[in-house]
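Next come two complexes built around subunit A: one with subunit B, the other with subunit C.
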Partner chain A sequence: MPNNDDAVEKPNSERADPRVLEILVCPVTKTTLEYDEKAQELISRAARLAYPIRNGVPHMLPSEARSLDENKA
Partner chain B sequence: MSKALVQQQFGANAANYTTSVVHAKGASLARLVELVQPGKDWVALDIATGAGHTAAAFAPHVARVIASDLTPEMLDEARKLAASKGFANMETAQADAEKLPFPDGTFNLVTCRIAPHHFPDVTAFVAESCRVLKPGGTFALVDNVSPDPETAPGYSTAELAEAARGYNAFEKLRDPSHGRALQTKEWTDLIARTGFKVMHVEHSPKAMDFASWCKTMAVAPDTVATLKTMLEGASPALKAYLKPSNDNGKLGFVLSELIAIGRK
Partner chain C sequence: MRHVAEDLAQRLSFVRRRFPVAVNLGAHHGLVSRRLRGLGTIDLFIDVERAGRLLAQCDGPRVLGDEEWLPFRTGSLDLVVSGLTLQFVNDLPGTLMQIRRALRPDGLMLAAMLGGRTLHELREALTEAEIELEGGASPRVAPMADVRDLGGLLQRADFALPVADADTLTVTYDTPFALMRDLRSMGAANALNERRRTPLRRGTLLRAVEIYAQRHGAANGRITATFEIITLTGWAPHASQQKALAPGSARTRLADALGAAGQQTGENAEPPQLHKPVEPPVSKG
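Then we have the complex of A and B:
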């Protein structure tokens, strides 16, 4: 289900540490991630998943991720 | 189901682990740093960091340490710990030990302390640890082991297998997210089979206060009574391992932590 919160810009205090973002890959495909700073998501094009960053912590579990395909509906 | 259970158990009891003396000040923590001899320029990963005690023990000795855990509530505790100690080089990420979100050859050190007995697939955990380590990198494992020839000497293989089952049942009743504590040889065989050279193996006895042990996981009173019966009625091999004690009604027992160091 699309989450409208994703479009809202998050305050700086809830942003992830950019250093940790540099080191992360998709846990499923081990491929690089795109950082969507506004939505605070890490996007895996290969796995079609968007991993959320909540309170500055990246949540790198497929079960926590948003499906990119669902979002199109 | 197991992973959801782990998140449920530790999500509800996260703060208990911040204050747990066993987890914060366990003898194995200082010993682990001593054995690993971390380098100032190292990048380290602590898997299943819990309240972040192991990551925080290494933070002053390395360039940076990433504290990862399956449970977001535990990561909140780890972040609070890093902030309270002023460790700007300690970062957090929610990750599954069996599907790590890091590229091959990223870390100089991977640590994991008192956690793999919760993992459904320890083989995947060790393989992933090896994958994310640089060649020559250090894998440092601490976990409770089951009764085995090292921790309960003088018993037959069958007696120890039965004692190992009894020990795991005891742990699982107290914490349903407990999977299985391996025996020492299972760990060293797995570490070697994954491609590490086993550099060091030792055991560290850990005296447990029965009441505190139950309290950390908020065990219901009738379950506490059953656990007490299990402890007092343990088989000779399990008693040799747990060494149950009763000091004027204050129950205690001993667990055995394995410290194993591998090199990629």
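Then we have the complex of A and C:
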């Protein structure tokens, strides 16, 4: 790839380790998460929560998760 | 902390095995993980920590998470280690159960935590000073679990081959104030909810310091503080592990193994010669 934009440090440029994402589940319901790569979120349909990934670090605290229901309203 | 990292590394080095996926629960600033990575037996070592500020100092793959809300798939981990974190957990039985579930069959948990004898000098001094000067005591040092209780908890969480062992560390400080400053810097100031909300009064604190220095002063004018470190070891159950046989299923007699002269035992035994045979109790009516 000739375009070398990625070399510039972007605030959220770091990617989470796929081996880690593979074994993460929702801490509340222990169900499988959907990875939204664009939004950098791990979505738990069962708990209706989205856990943010910041700089490649998944934030798996229910208190920091975004509620999916609020978004719809 | 360094002592704990060293101890965990040593214990782990006795386990001749590779760990494809390991997690450090309550990684603090990554000291334990750095030491254990040095063993070279762990392929993927994930640091889990609740405080983002500490997690940022860890250098492996990181997950911001809480020990009481484990975010790992059932049976996905080969090893869970923890260095001086589990004493702060509110629901320890639940946390151990979650750890056991996240472990693969035959996966290992190795966790060091502070035990009940930790800081008993400080606890005594503060309690006595408060009773003396304020007519009542409030918990200032968090309660910590006892080694026997912890062994029981491991069993209840269904760990195989559970072991809880205690190690006592004595640290000396210049003054009780230096000890308290150190605790605060560890983020280990009083974490109890049910504590008296008012901070310690100056007079009470000074009296506590006096009591402390009187009783636990070392010869060189320094004071001593005890840290009890309890290490929990347990394996997720697996068919290959040794298990106790059912009582009565033995196929060789202990007497044979000991080379003792044949003496009938068990149901076929003759009544002992030295005592009168005991009549079995007969219930009337």
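In this section, the second predicted complex is superposed on the first by the 60 of 73 C-alpha atoms of A that agree within 3 Å, B and C clash if a C-alpha of one lies under 4 Å from a C-alpha of the other, contacts with A are read in each partner's own complex, and residues count from 1 in each chain.
FYI, contacts are C-beta pairs under 8 Å (C-beta built on N, C-alpha and C of every residue); 3 or more make two chains touch, one makes a residue touch a chain.
Predicted model, so just to flag it, every value in this text is computed and none were measured.
Undergrad: Touching A:Ala46 in the superposition: subunit B (first), subunit C (second), both, neither?
TA: After superposing on A, A:Ala46 lies clear of both subunit B and subunit C.
Undergrad: Identify the overlap between the subunit B-contacting and the subunit C-contacting residues of subunit A.
TA: Correct list for subunit A: 17, 19-20, 23-28, 30, 56-62, 64.
Undergrad: Give every residue of subunit A touching subunit B within the complex, in rising order.
TA: Residues in contact with subunit B: 17, 19-20, 23-28, 30, 51, 54-62, 64.
Undergrad: Which positions of subunit B touch subunit A when the two form their complex?
TA: So the residues of subunit B touching subunit A come out as 43, 64, 66, 70, 72, 75-76, 79, 91-96, 99-104, 106.
Undergrad: Of all residues in subunit C, which touch subunit A in the complex?
TA: Those in contact with subunit A are residues 21, 44, 46, 50, 55, 61-66, 69-74, 76-77.
Undergrad: Residues of subunit A touching subunit C in their complex?
TA: On the subunit A side, the touching residues are 16-17, 19-20, 23-28, 30, 32, 56-62, 64.
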